[in-house]
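Same chain, two partners: chain A is paired with chain B first, then with chain C.
== the complex of A and B ==
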């Protein structure tokens, strides 16, 4: 490696665009950087892949949430660098790690090079001054002060009146597929209403070698999914192991023994128990079943014997709200992750 | 009223500060080492020893970003309250023969109160930034915490029975012949579960978890984030020290001086808790509540019955 190892793993927030979700997961294997769950914890923003126009404003907001001193590295496929933020890098994971570590070092030694805000620091919506307390709604509840809905009571599933919290999740929320935007109504932690506004960003994976003729491609995609999924379930050390296997996945490299060793390690984490019974769907089992199917598929792929048949991600996009409504936010995330929507966007149906 | 033996205030503050400060740093080193070894990275002791200092310095020099209309006072006070509760908890734990910051007769009540009030600190931390995912982490922690914090009181009372005292000093002395971990085998594991819960780690990570994209700490940056990390580590140290004193015989042991035994036992518990935090998958809050009420709480009753029968 060209650069000196940093004194601690560089905290990196990833905003992921077209085709970059999988490659970014491989960064979990690196000792030199750490993918963090929120831009507030990062010094470097990694914009991976091309971010579509409808998400540019959200990307700017994510950028502005990084504390100073901050730097931006854009990981692009190389063809168009006109709309790129910060230093552009093309190439493989090693090139990105080098660029990130370098950007971190540069901005921490020279904080004046920290990138300025990309959006004005103003209220996103004006104060409207409606109703007795100015926010609209009834009494001190409800209404949309500054354009954001305030809690208002509504009937819950048990027939009681409980505060409703209206949220928009995405498009760059760590546990969700990149680009996916959901409007949800929560009571407590239970999702009462789910509206899917935008589907995950698709696009051909880059920079990569996962061509149709690459026999290791299905297993590698599976291992990238596994790295992210383990991270979401709180097993970051095992996620690093899965990511390392994904990075080593090439035709002719025998990864079956280390993969089986990883599966044995996972047996002692209580993971299967925590997934059992979560997100059960007619015909598609529960999260634990989908994980098992997925892990078997990776195993078969690594053994050079890819099994056919539908991926466990085969849920129609339009059916997702029905699957998620009534779940707690945690279980909804576990369910979404078990479907592997990021690597294989399910495009049948359309957002309702 | 009998005088409560205690240290003078300056020494007391120095002792508590040293225990929590050194303990929190050690926790960060242990965590980094455990992660490196579990993740299959190369474990190089020297950089790992320096890493928390470098990381802390980088946070101190970082901009603390604010949010839209946060509750600023409570945002700053939450980590202070949390670390203060860790200090209160550690102050009643005997660190060596004759060395306890406040040897109050009701030591386990003080410890239990500190642990219960931690709910308030953790809730305020999530409430303060005026940010939805942080708020959700806050209220779900409150919903979950009651179910397992009850365990702690039962296992501590069980440990107090053979000592016939609520003082941690007396509990340590009552283990001269037999440690509580043998006498009441259910006590230590249940107490460690509470420790994981109060510090929101591993299976009981409901606050700062990945499903909420960082949860309670989602808006923290710079010194704010450092303060919360230190407070969490300090609470883990307080629990480790209490576990060593209440269940592992505290400073008792052959050959070595008492302080060394206490240090070794506390460090062992701390390593166990940190590794469990990295090695066990997160459980959903709903499942934690169900598990606590239907399995763990009955086990705590069994522990109390065993302790009661043993003390007849």
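== the complex of A and C ==
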């Protein structure tokens, strides 16, 4: 490493564009940085890959949510640098780690170099102080403080009348595939309504990423999925192990013993038990079944038999809301992750 | 009398000094080092989207019935402490009485079970 690393991992928030989801997952193996789940916890925003025009505004919002001092590193494919935000870097994982650590060092030693807000400093609507709590309505109901309506009640699945919270999740939310935007109506933590607005970003893969003729590609892709999925399940140490395996995954490298060791380790975490019965759909089993199928497929890929161990059948994009509605937010995320939408953009069958 | 008044005066002066000092100190600190959050920073993290409803909403605590059942049976445990103290002195009589008490409560458990109070929703 050319630069002096800080004594703690640099907290990095990743905003992932076209084709960069897989390479970013391999960053989980690095001791020098830590991919955090929210921009509020990060000092460096890593913009990986080309971000389509429709997501630029969202990217600006994510950027502004990093607290000062903050820095931006753009991991680009090389040829197109028009959309670059902050210092651009091309190359492999090591080059990105060096750039991130350097950006962190620069901005912490000189906080005045922190990047300014990209969105204007104005509320979407002005405050109108009406009502007993200044919320603009009667009691705790109604009104539109700052232009955002108060939650109103609606019937829920258990026969109660609960407040409905309307949220738009994505496109740069850590557990969701990058680019995926969905409108959800929450009552408590239960998803009452799901409306898919934008599918995950497709697009060309990163250069020097997995080639079509690379025999180790399916296993490596699977290990990247495993790294992300374990992170979402809260097992970050195991996610780092999976990412380390993904980084070492080359033709001719025997990773079967360490992968099986990781699998044995996962058995002790009780993860499979918590996945049982989550996100069941007809003909595609539950999340635990899909995890098993993926782990078997990685095992087969590492053993040199990439076609062995069939992948679980993918869910169609149109059927996804029906699968998610009625689940708790946690179970919905677990279900989405078990489908691996980020690595299989071709299976969506989306018109966009 | 004068001494008491002087003591009150001294306390008053000390309180005023502390109040003014802390307000001025906090004010200077905010001016000098305070970080004012901007409008885009105050938006909740949704991955780049903006919320459509205000964050002030009532949330259904789904463990509510379970916690009520827990408190009810914890109270039962509390009745057992004084019973345990006199158990040796009272003998079989106390055992029979506690047996009746627990039998009545276990009917409640069976009822709550049948109603699905122990099922996580």
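As a convention for this text, the second predicted complex is superposed on the first by the 315 of 352 C-alpha atoms of A that agree within 3 Å, B and C clash if a C-alpha of one lies under 4 Å from a C-alpha of the other, contacts with A are read in each partner's own complex, and residues count from 1 in each chain.
Just so it is clear, contacts are C-beta pairs under 8 Å (C-beta built on N, C-alpha and C of every residue); 3 or more make two chains touch, one makes a residue touch a chain.
Keep in mind the model is a prediction, meaning the values are calculated, not measured.
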item	value
Contacts of A:188 with chain B and chain C, given as first, second, both or neither	both
Contacts of A:173 with chain B and chain C, given as first, second, both or neither	both
Touching partner for A:224 - first (chain B), second (chain C), both, neither	neither
Which superposed partner A:68 touches (first chain B, second chain C, both, neither)	both
Touching partner for A:165 - first (chain B), second (chain C), both, neither	both
First, second, both or neither for A:290, with chain B first and chain C second	neither
Which of chain B and chain C A:38 touches, first, second, both or neither	both
Chain B versus chain C as contact partner of A:122, first or second or both or neither	second
Chain B/chain C common contact set on chain A	38, 40, 65, 67-68, 123, 146, 165, 167, 173-174, 188-189
For the chain B and chain A complex, residues of the former touching the latter	34-36, 38-42, 47, 50-51, 54-55, 58, 61-65, 68, 132, 135-136, 139-140, 143, 202-203, 205, 209-214, 217-222, 225, 278-287
Chain A-touching residues of chain C, taken from the complex the two chains share	35, 38-41, 43, 45-54, 56-60, 62, 121
Chain A to chain C touching residues, read off their complex	15, 38-40, 55, 57-62, 64-65, 67-68, 117-124, 135, 140, 144-146, 148-151, 156, 158, 160, 162-174, 176, 181, 187-189
Complex interface listing, chain A residues touching chain B	5, 7-8, 31, 36-38, 40-41, 43, 65, 67-69, 108, 111, 123, 146, 165, 167, 173-175, 186, 188-189, 231-238, 240-241, 244, 268-271, 273-274, 278, 328-331, 333-334
